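Attaching a single structure in structure tokens format; questions to follow.
Read from first to last, the chains carry the letters A, B, C and D; within each, the first residue is number 1.
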Amino acid sequence: MTTARRIERSERSMPVLSRVRDQWSRSRPLTGVVVAGCLPLTAETGALARTLRAGGAELVLCSSNPLSTQDDVTASLREQGIAVHARRGVDRAGYYDDVRATLDALTGAGRAVLLDDGCDLISTLHQERPDLLGTGALLGASEQTGTGVLRLRQLARDGALSLPVVAVNDTPVKRVVDNRWGSGQSTVDALLRATGMLLAGRVCVVAGFGDVGRGVATRLRGLGAQVVVTEVDPVAALDATLDGFRVLPMAAAAAEAHVVVTATGGVDVVGARHLPLLRDGVVLANAGHFDVEVDVRALLAAASDREPDVRPALDEYTLADGRRVLLVAEGRVAGLAAAEGSPPAVMDLAFALQALTVRWLVGSAGTLAEGVHELPTEIDQRVAALALESLGVEVDRLSTAQATYLRSWRSGS
Amino acid sequence: MTTARRIERSERSMPVLSRVRDQWSRSRPLTGVVVAGCLPLTAETGALARTLRAGGAELVLCSSNPLSTQDDVTASLREQGIAVHARRGVDRAGYYDDVRATLDALTGAGRAVLLDDGCDLISTLHQERPDLLGTGALLGASEQTGTGVLRLRQLARDGALSLPVVAVNDTPVKRVVDNRWGSGQSTVDALLRATGMLLAGRVCVVAGFGDVGRGVATRLRGLGAQVVVTEVDPVAALDATLDGFRVLPMAAAAAEAHVVVTATGGVDVVGARHLPLLRDGVVLANAGHFDVEVDVRALLAAASDREPDVRPALDEYTLADGRRVLLVAEGRVAGLAAAEGSPPAVMDLAFALQALTVRWLVGSAGTLAEGVHELPTEIDQRVAALALESLGVEVDRLSTAQATYLRSWRSGS
Amino acid sequence: MTTARRIERSERSMPVLSRVRDQWSRSRPLTGVVVAGCLPLTAETGALARTLRAGGAELVLCSSNPLSTQDDVTASLREQGIAVHARRGVDRAGYYDDVRATLDALTGAGRAVLLDDGCDLISTLHQERPDLLGTGALLGASEQTGTGVLRLRQLARDGALSLPVVAVNDTPVKRVVDNRWGSGQSTVDALLRATGMLLAGRVCVVAGFGDVGRGVATRLRGLGAQVVVTEVDPVAALDATLDGFRVLPMAAAAAEAHVVVTATGGVDVVGARHLPLLRDGVVLANAGHFDVEVDVRALLAAASDREPDVRPALDEYTLADGRRVLLVAEGRVAGLAAAEGSPPAVMDLAFALQALTVRWLVGSAGTLAEGVHELPTEIDQRVAALALESLGVEVDRLSTAQATYLRSWRSGS
Amino acid sequence: MTTARRIERSERSMPVLSRVRDQWSRSRPLTGVVVAGCLPLTAETGALARTLRAGGAELVLCSSNPLSTQDDVTASLREQGIAVHARRGVDRAGYYDDVRATLDALTGAGRAVLLDDGCDLISTLHQERPDLLGTGALLGASEQTGTGVLRLRQLARDGALSLPVVAVNDTPVKRVVDNRWGSGQSTVDALLRATGMLLAGRVCVVAGFGDVGRGVATRLRGLGAQVVVTEVDPVAALDATLDGFRVLPMAAAAAEAHVVVTATGGVDVVGARHLPLLRDGVVLANAGHFDVEVDVRALLAAASDREPDVRPALDEYTLADGRRVLLVAEGRVAGLAAAEGSPPAVMDLAFALQALTVRWLVGSAGTLAEGVHELPTEIDQRVAALALESLGVEVDRLSTAQATYLRSWRSGS
């Protein structure tokens, strides 16, 4: 199948975004706006790009994850006249060159909006291109990952955030659909493809019980695994406990694990101190945004042997005492690197939220303060309603009397 | 067992609150404060009352639910010198007399804090005793139910809320522990006691997928029921759908239901328009705060016969065409009226949150704006940590390096 | 409600048995047959008795569990002319007096069939009334519990079983409906009523992963507990492991347990050796047939204090070091003694199987060998089909071509 | 990785079979025995072959599924001196040529045992090579699939089965590990790889609630799907209903389905009559042994267009009215054809059962009647115990007193 055909097929799997595109190709609400995006460059992103173009925007893109970049997709986007700075598998320096090239496109541009996935674009902007801030041309940005929002909030706390950014990641729809169930499914999919192991009956440790961790833990339980959760936050740990999960400190969990999946947004979750505890044949995988949750360097340092690709996206490290440790996708986000990332239906909603956010930022030009903004509830509800429609699910409507009751504080007794 | 013994036993089931009481009996942080509460008057509330007293507070109480009032508990509280205005089973007029009498105790009192459960105390205060507001003596209030918070937000929106109120209901701990799992368990417990039916294989319809509805739906599924959810909010409906629940409009759901549980916070969820659709022998129960979700008057009007108490807390209505409808606890909140309400471990956390909120309101006197406030995160985390300790669950701690990483927005790549 | 009304109401909850009764009141297939039964004497049993009577049988009954005997039911049965030898709460001697009196009714009777629930009737028959065996008048028996079947198979292995007995317990319908989901629900119901505790997040240990143990474990998991299974059979242990349960030896499990439920059919599952390991406040309950799975004598011997009925059906034992152990229903089968036993819908199917078995034994008179027989598949399928009908569930039918395919061993390739 | 390395790696994933091989390389219990097998020829089968060889057997193999044959594995087996008649992707005629060639190796051989997977080897033997039967040299056979056992029982019922065959498929370990959880996981794995779709919230119809169907239904539910079951057997349908599944006739289910998975062992489960009912974009997959459950010819006849491989192992049929139907792996068993078949841990147990069955047939030479035999319980328990050991799970042992109690029919009261 040709790449163009593949993008077209993706669009058929994205009914919500398609609906937006159809409307925008008439109303053209993004005419004269440059959208600079740092996103995973997959067929689905191609559909988002086409939607923004249909709305009138000019586009410049780089990849938020060089390992997931599909070179045929970037070629196809370029053919459609979209500037793309990305190649599959570039190193760290090449990655930042692409980010910088994307920001360069904003020099002297008119109204512009950023789309970010992990905060690298916004972070580089603030560190290297302060000249682009404060001209009024940059209307705002949208960030779609939890890790990115965490970084943005730090930036804001340090007083260093100089434009309005919408935390798309934090909306209920994004959190439930993408972070929880999208990541949950793609992570178990990655484990199945990379290891081929029967998950039923295995002790699977999930580090972190945020949205992603909860999704992964729930899906692993759904496949018959005996799931253990580790946490640092007592509220999340209590939540996991009451959901029936066994909660342990990592040192205790690591000793029992057949599989460990990290999903904390943090660093060094499985590190040198845990290596002596692991069972022979343990599988390590990461579902967090960055490849720092499993300390791969510590693993390499402790290993007497490393055999790459014993299966696709699976490397085997042999420790000095003969125990073997299997690492999925070099510790990069497993669902993207060892499976196919979020399913089209998930990207459909995430990208519909992004598209409507771009439009909302354009429509709110000049009225938004610097800082992290929540997505307006109306956008969330609109996207959810379209998603239900595409699944064939109907909901009730409040009668006037019911709505009045809910609005009245005098009610009840 | 004597009532005093029963309250003492409740306290043993409430390790978190007990810990707070032990500390307060030394530090006495509520000395000179009047706490007026409108709460379910059960043995567990007795433990909260003793904690507040140990902290130095003077107490006056009425019941937020006359059907759940335990007269021996009120007697025991009175013996301990606490003013209690409540009798089991009083009618609506008597109920409001008790609420008013509770407010009367604030006339001329010094610093005071309100504890509310459904907003009736705060609502009556604003409607009938505006004189108590604005003197500065009323430091604030705490509201622990979702329905109450909904009413408060309306009050605030109307510009009519004249004191700071903490929405205890909205904290993660309260939502997960009490609303979701506490109500979930007590509602299925009520169904088992009231009907004795095998839930496995039955079509159980849950109206509303808020915290309570989600808890009820999850527990019914856990007992083998085939659960259908109805919703008016597309975001909640999408959430339920992706959690594997079948979502239908009520008209379609009612026709298949063996059981319907309402948990919307709204009114007339099962009403006259649904009665012609119901199966013979259907069970109706309400898990929402007020007894208005099942339209009992419509049911009575349509019935040719009503046999009360065919089992404890179960009335049987026979419709004109011979179909029978079984109503749990007259449509009042089933978990309280047909079972024992939230388990002690749940009340432990809810009341520990309430107690620490009272202290926080006292400590924040003069600094809080009128309006609805969130509970400070620290209180939530402290209560969760104590709860985990009581369950014997350990969590990890961030290392300095990990904490630094999470705080840094430059991190990641 | 009167007892007669209660029995009538039970019958309305037992649509399958009612259907059988309607047919039999015309065909009278049990005319001239004495049915002697040792069964739990509840309202549901009343419905079985009425069905057998409608079929023409003469009835004599004793109770298989004195604690669950409902004296008003026995009175009502007597009023209908049924001989009943049972009183609630009789001691062991009185219990066996009743069993013997029931067997006495067979002296000199014509054709007779036994209904047993735990094998006490059949066992006493063989030990004390060998004169009744071998006359040809005793056509056979039906045993409905797993424990009873276990005992029967031993009896057969010892060459001591002198009549044909149908193991109703072993049919798929009985195992799934009654043993698994009926006992599963009634056991958690008993835990909720007896303890009032929140099960979510608790470590609940289930000893034994037979049908009952699986049902209890699944239901506890469905209520949010963290379930641990103990087993002695590797096949059952592997089954539990692959179903996602943590499997541990009892010594390790007891040390973590908030709740222990025994369901093994064996003896001394929680015994003196485990008492030093238990957590303060642990709850012990038994779901097996006999009250020997928790060693109550050992508990009493180790206790410095015993407070009965701290809640209904819950005794508290205080050990020498101050730890408390809570025992449900004195170690008797919790679902019967602390809740209401199997729900009517379960008894409906179990009793329909029993009734059809009685008829099958009568119809097969003289053709069956001594020993344990399986229930004919046709009876199982007929009862299942009636049950689906009563739930409103439709199934497919094989087309002729499909049926032919399934019958052909040449098919497939 | 080389093929030899891959087979060696498979053996490391098969600890139970490896244990058997270690013992047999000393005891050589199969010396002088020919084992003729019709099996899926994957790396795992290589490990079984090596185990039988280590036991002293001479081997001749063909493939039970040409689509899953791995040509490098067959080459590697040949290098080890094993006769292999199989090529990936041969047509029906070539397939039977291979089966016949395998049987030819038995001409004039000494003692021999057959291993079958679907009954084609045994069926062809009876139809085409009656000369090999009745010489006494053929000691017996082992059949590992449910479909094969079904065919064998028909053969036996027709009086046409002329050797003892062990129904390995029917043992608890095989049923739970392979049919339920192995097939359950590999089927959802196949759906994820072939379609990439988000399963959460989708209506997934599973036809058949035998072991495989139950496994598939449970795993789909575990991934968040809303599962509907269809059945023709009322007992299985009742089982599914009480497990919380919605049970519908296929005509009703097909109209709601996003996905249909067949697992009946029958034929024409989704056929021409259902095509007008299907939603646009529906996915059809088969988990049963033969590719006759979805009527592919009817689909092709009704389609105006067919686009093969729109994704790996996924063909898209466009019906006359524009609706699209996506068929996984041409209707062949999806877990094998679109994923990797049963995981190594599953094959480990299945093959250990097969190996021990071969030995048992050799040891029982001359003592077994023609017909279908159950696997001896001891083999099942031994394999389960080894499997638990490899997972690190410990179980309890009965004390002498406990074992005595269980053996005594006098016990209990």
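Convention: contacts are C-beta pairs under 8 Å (C-beta built on N, C-alpha and C of every residue); 3 or more make two chains touch, one makes a residue touch a chain.
Just so we're on the same page, UniProt names per chain: A, B, C, D = Adenosylhomocysteinase.
Since we're looking at a predicted model, the values are computed, not measured.
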Partner chains that subunit B (Adenosylhomocysteinase) and subunit C (Adenosylhomocysteinase) have in common: A, D
Gap in Å, rounded to a whole number, between the CA centres of subunit C (Adenosylhomocysteinase) and subunit A (Adenosylhomocysteinase): 52
Intercentroid distance (Cα basis), subunit B (Adenosylhomocysteinase) paired with subunit A (Adenosylhomocysteinase), Å: 36
Subunit D (Adenosylhomocysteinase): positions in contact with at least two other chains: 181, 200-201, 221, 224, 238, 241-242, 391
Touch-based graph of the chains, sorted into line, ring, star, complete or other: complete
Contacting residues of subunit B (Adenosylhomocysteinase) [partner subunit D (Adenosylhomocysteinase), same complex]: 200-201, 221, 224-227, 238, 241-246
Interfacial residue positions of subunit C (Adenosylhomocysteinase) with respect to subunit D (Adenosylhomocysteinase) in the complex: 92, 95-96, 118-120, 123, 127, 147, 150-155, 158, 160, 172-173, 176-177, 181, 230-235, 237-239, 241-242, 247-250, 252, 265-268, 289-290, 292, 380-381, 384-385, 387-388, 391, 393-399, 401-402, 405-413
Touching residues on subunit C (Adenosylhomocysteinase), where the partner in the complex is subunit B (Adenosylhomocysteinase): 1, 9, 13, 181-182, 185, 188-189, 192-193, 196-202, 219, 221-224, 256, 258, 279, 309-310, 339-340, 342-346, 391-392
